[in-house]
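Two complexes follow with subunit A in common, the first pairing it with subunit B and the second with subunit C.
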Partner chain A sequence: MVEYKPQYYPGGSNVAANRRKYIDPNYKLRKLRTISDDDLVRLMGHRVPGEAYKSVHPPLEELGEPTCPIREIVEPTPGAKAGDRIRYIQFTDSVYFAPLTPYMRAWMGHMRYRGVDIGVLSGRVPLEARERDLEKVAKELVETEIFDPARVGIRGATVHGHALRLDENGLMFDALRRFQYDKNKGEVVYVKDQVGVPLDRPIYVGKPTPEEELRKITSQFRVDGEAFRNDKELIEFVQRIHMLRTEAGFDPNKVKDL
Partner chain B sequence: MSEEKKMFLEALRRKFKESPEEKQTKFYIYDGWKQSKRKREFVEAAQKIAKERTVPFYNPDLHLGGIPLGQRVLMPYRLSGTDIYCEGDDLHFINNAAMQQMWHDIRRTVIVGLDAAHTVLQKRLGKEVTPETVNHYLEVLNHALPGAAVVQEHMVETHPGLVSDSYVKVFTGDDELADEIDDRFLIDINKEFPAEHAAQLKAAIGKRIYQVCRMPTLVAMTCDGGTMSRWAAMQISMSMINAYKLMAGEAAVGEFAFAAKHAEVIEMGTLMPWRRARGPNEPGGIPLGYMADICQASRVKPEDPVWVALEAISMAAVLYDQFWFGSYMSGGVGFTQYATCTYTDNILDDFCYYGAEYVKKKYGGFAKVKPSWDVINDVATEVTLYGLEQYERYPALMETHFGGSQRAAVVAAGAGVSVSLVTGHSTAGINGWYLSQLLHKEEMGRLGFYGYDCQDQCGSANSFSWRSDEGLPFNLRGVNYPNYALNVGHQSAYCGIVSAAHGGRGDAWTTNPLIKVAFADKDLKFDFTHPRLCFGKGALREFMPAGERDLIIPSH
Partner chain C sequence: MPKYPDKVNLYDDRGKLFETNVPVEALSPLKNTAIQKIIAYVKQCVAVNLEGVEKALATGEVGGKWCIIRGRSLKLDLVKNAGSVADSLKKCLQVDPDDDTEVKVLKGGKHLLVKVPAKRLNAGVEYTTGATAVAAALCCTIIENFNVNIWDADLVHAAVWGRYPQTMEMLGGNVSSLLAVPQQNEGMGYALRNIPCAHIALIAKKNAMNAAALSSILEQTAMFEMGDAIGSFERFHLLGLAYQGLNADNIVYDLVKENAKTGTLGDVVISTVKRALSDGVIKPLKKTPSGYTLYTTSDLNKWNAYAAAGLLAGTMITCGAARSMQHAPSVFIYFNDLLERETGLPGVDFGRVTGTGVEMSFFSHSIYGGGNPAVFHGNHIVTRHSKGFTIPCVAAAVALDAGTTIYTPERISGVVGEVLSEVPELRESLRYVNEAAVSIKGGV
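Let's turn to the complex of A and B:
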């Protein structure tokens, strides 16, 4: 069997290179901030810090699973082993040079994490997993370069804002005002959890990333940044995919030698 | 397109009262719902009603546990192609009488051919059929169709004041026959259509003669679409018995009844399968090409197929997205803002006219080249990039189409319409739509929502497919096509893609010449030649619908 070498994303632009980088699990995301485990639990709002994980079934060891070759191949995640509930974290990424786009979240997440279910909408990306697995994944999603405190929102509901202009402090609109800009500290602070329940104490998530830096690390094409129009390789790749799908849909024999 | 020519800028300036290029703004200062005149009106009305009925009612302060709508600007909308501005609420079909009437006018229409009935009358029953007898029959049917008796004794009837919008007219492609028909009953193709279109239509219809039956709007409001052919059938057969002095029970009349009532019936929409079960003449069964033909804009400006397509798009947006997906399929308050994006603020207009100019310059006009990968790739890609770049150049535009599904629909509609125009081929047009969706997804890294994207990411494969479960000439597809059954926000543009292909070719109709002629009728309540203007009038509360019940309710 020929050795498989993943090709994560086509394109000759810096944006395409960033996409490749984030999708590639061998690239270690740069850690920029520390959010304590307890604060992360508060932000997500699924349990109180220190509270035991609720379970939906007994631990797999006690459950007595049937003989199954797939079960022998696939090692259950810690959360699955323990029988944790499936819970979520959901992000909204502004169109204004946020590090990730919704599809990037999915592509990246599926390459980097096991046992996650990621949905993609234009204005929100839910990631679901067993609760203890989720907390581990969420930590990386919030502490590293792919999270910008101002242009990425942790929002379980009422996500409206990804396409709106930024406010006077450069923050993305949030009807629930879960996060605010603390002018004295120059940091973004969450005062409500992801579904809008007020927090017992604020959680600081750091300074907004400077615009210049965002433009370098973003995976978004924009005409006022790096224009998609200029990435000919990527455009031709998409056109080819479309042509192959169309031709094959009409007559699969037509694409044999293409 | 140069800056000053961009068609959406005026609306953006009025919507936000800020420069459309401004990247930052203020939020949370607009006093919530109180910034909206319409919401204030709603609150006032609801408070009065709640007192009267004692059951709690509309209260926007319940929104988000006390955080009301209106943390951002509740922007007004401009009806594209008009100078009418309104609030978003005015474009919900419940709040817009013109939208309701458009749907009622379609639903209450069936076309019934007369030739089979005439053949049986003459050959089986020995009756003479002449222009005079036809005119007499039509007079009888205009008495009976709204709900009156013509044969039996001691019958109850409907109040003419309640059913005044019900009537029957006829049309034919035969000028000599048309001359013999009383003008009061005739849809005169020569008068209603530009000469070139009239010639095409008459050639297609030939010597055949068709009735267009309009049942009362009140019937459309209180019964379903499946009622219409039955209502028409009963009144047609009774009127025939009256007009031609037929025996009401002999076996031969059974044959005649089939010929007169059923053999040549053309419904506006077909039956739906059980999982989306509805009778005929419901929105889900109306093919895209029928919607394009029901729109009559092509009679007004045949030289401007872009405008014609945009008018058709608005009708399809209201019918398929707002009525069908937004209510029949989803329940609840519906999908108004998925739909309005294609017919407000001149945004799609700008993208389509950009595409039209592009193909005129590069390919020498409309329908001048055959579909090819070079043409589809070139035109769909260029218009897609143009559309996406406008959202990025004008943050107010991005904010107007705040949902990815809105942007995906409008950008791909621009691409699809443009490919249709350049090729004169609607299947090429829909293929351009799908390329646009794939490009959009890679450019923005986002598209619509799960259910929105699904069809678009597999659509390339079915655009030219002819396999039985997924293939269908594009004009005949609609929301009953399997892959489009959950396809909110798409059908409006699809209708425009059909319209633009045929408009670009100079065709008088897209799919069915009978449908096209049936709606060339000045006595319809809704103005099918200017749907966007009509919706605007509805928004301004200047549209008078049919189906009012003042005659039978207490004065108010």
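Let's turn to the complex of A and C:
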């Protein structure tokens, strides 16, 4: 067998390299801030900190699973084992050089996390999982370099803003004003949870990343940044997939060694 | 002489070798006697909810929920007399005294599993004979056995047939078949695809391997009926059925086992690529300036089959780890996205599974109504587009769910799934199809 090393993503640009880096589960995302477990729970708003996890079904041990060779070998996640509800965290990524694009959240999430359900829409990306599993994943998503306090929003509802101009402080528009810029501290602060319910005390999520730095770490192609059309290798890759899909649809036997 | 050179090793649902070097055509719906039997049973087997008939007669609630005819009721002990009802029903349905008619009493008389004789179906052109013959025979049986008079006979008809013929199907009736009425099929040859995954998962008693196998058999057999699995595309579908649905060469089981404890969906993608490389299905084509290796294949049909097996394994890992069915559509999109980006080769069904996943995500996550994955089938408006490669994964996902949905598979399926799980060929289809393949392998 030829030597094989996972390669994750094609392309010759810096943006493509960033994509490869974030998708690669062996790359440890840089931790930039610490959000306490309780604050994370409050930001998501599914339960009160310290409250027991609610369940959607009894723990698997009590439930007694049907005889199935797959259930016998596939280890359930801790949340599934306990019968946790399935809950979500949802992000909005500004088109202005946010670290991730919506699709990147899915590619990266499915490479790195087990038992997650990620949906991609233009202006929001929900990640759903059993509640205690979700909290672990959410921690990494909020504490590391892929979360920029100004251009990424934790938004469960009324997500609008990803394609709107940034405000005078460089923050993405948020109709519910969940986050604000604290000029004194120079930090972004959440005053409402992800669906817009006021928090009993504010949660600071850190300083916005400088524009120059964002341009370096982004996985977004932009004509005023790194343009997609300049990554010839990636364009050829996309065209290749399109060509192979189309020709295979005509006659798969004729697509050989291409 | 077989038409295609492919030979596969057959394995059971636990990854145990069953037989080596079996021509893939021995698994073809055109040749495999067990698949043909399964299709025959799908047409012949009908579920009767005798308890439902008794309740409908007692309350006058006939023809659907809240449709109650006040002042009309008949107290008949149908469940208590299920044995005699079954005997009379059998006699009524039989064409010859020793034909293949069967009526089995289940759950203490609450349900009946009826097998309509093949001769009745052979004498017509529509598969609806199964349901119509049983419904009509059941009416005659009840009227005769319980001396129902002319003034009450109409209530018996409504309790059994439901609101039909005011509705197209037997709305609120108590006789049901796996197959929907032909008017509900989206196009020609869709009948076998019009079976919700809830039924499939329950028939297989939530064994994910058997659920996927039965679903794949029904979907890929439908491909022959639809005009898809013929000519340039026959081998494409045969390999898909063998590798994805029937665990040929143990790929599905191996990929699941390899990632069972800690694997992510991405890990299954990588395992799939490794397996395709080590089996010589794909090979490096060239290196791009960035150092990325593009892969190619001289057998795209086989690559598709490997990718389809990987897709099922990825579903089993993701939905299995979360013990939740709702993750399935996300798997359909991103397994293929990641696989394409890993290799430079097209994903399962050449992009059609990805597209199906996008639609299914939308319609299974309360964004646009819809329902949970258990209601989906290959005839569904948002899941019809993949040619037999998506629905087996949905069936497996439903089988692996531990109870995360408001509408459970049991609630969606009603009595059909539970009753038809009594048919061994439907419940453990993988085993029967393997046995039949071995018995005919020399003759294909």
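The rule is simple: the second predicted complex is superposed on the first by the 253 of 258 C-alpha atoms of A that agree within 3 Å, B and C clash if a C-alpha of one lies under 4 Å from a C-alpha of the other, contacts with A are read in each partner's own complex, and residues count from 1 in each chain.
By definition in this document, a contact is a pair of C-beta atoms (placed from the backbone, for glycine too) under 8 Å apart; a residue touches a chain by one contact, two chains touch by 3 or more.
Predicted model only: the values in this text are computed from it and were never measured.
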Touching A:220 in the superposition: subunit B (first), subunit C (second), both, neither?
-> first
Subunit C versus subunit B, contacts on subunit A by residue = C
Which of subunit B and subunit C A:177 touches, first, second, both or neither = first
Is A:168 touching the first partner subunit B, the second partner subunit C, both, or neither of them?
-> first
In the superposed arrangement, which partner chain does A:248 touch: subunit B (first), subunit C (second), both, or neither?
-> both
Once the structures are superposed on A, label A:122 by its partner contacts, choosing first (subunit B), second (subunit C), both or neither.
-> first
After lining up the shared chain so the two structures overlap, which partner does A:92 touch, if you call subunit B first and subunit C second: first, second, both or neither?
-> neither
Between subunit B (first) and subunit C (second), which, if any, makes contact with A:83: first, second, both or neither?
-> second
Given the touch rule stated above, what does A:258 touch, subunit B (first), subunit C (second), both, or neither?
-> second
Tell me which partner A:209 touches in the superposition: subunit B (first), subunit C (second), both or neither.
-> neither
So the subunit A residues that subunit B and subunit C both touch are 103, 119-120, 241, 245, 248-249
Contact set on subunit C toward subunit A in their complex = 13-15, 205-209, 232-233, 235-236, 253, 256-257, 260-267, 270, 273-274, 277-278, 283-285, 288-290, 292-294, 296-301, 304, 316-318, 320-324, 326-327, 330-331, 333-335, 337-338, 340-342, 344-346, 350-351, 361, 365, 396, 399-400, 402-404
What residues of subunit B sit close enough to touch subunit A in their complex?
-> 22-28, 64-65, 67, 71-72, 373, 377, 381, 385, 388-389, 392-393, 395-396, 398-399, 401-405, 407-408, 431, 434-435, 438-439, 441-450, 453, 458, 460-466, 470
Residue ranges of subunit A touching subunit C (in the complex, touch as defined) | 1-2, 4, 6-12, 16-17, 23, 25, 56-57, 60, 63, 65-71, 73-77, 79-80, 83, 86, 103, 106-107, 110-120, 128-130, 133, 233, 237, 240-241, 244-245, 248-249, 251-253, 255-258
Subunit B partner, complex, touching residues on subunit A are 19, 93, 95-96, 100-104, 119-123, 158, 160, 162-168, 170, 173, 175-177, 196, 219-224, 227-229, 234-235, 238-239, 241-243, 245-250
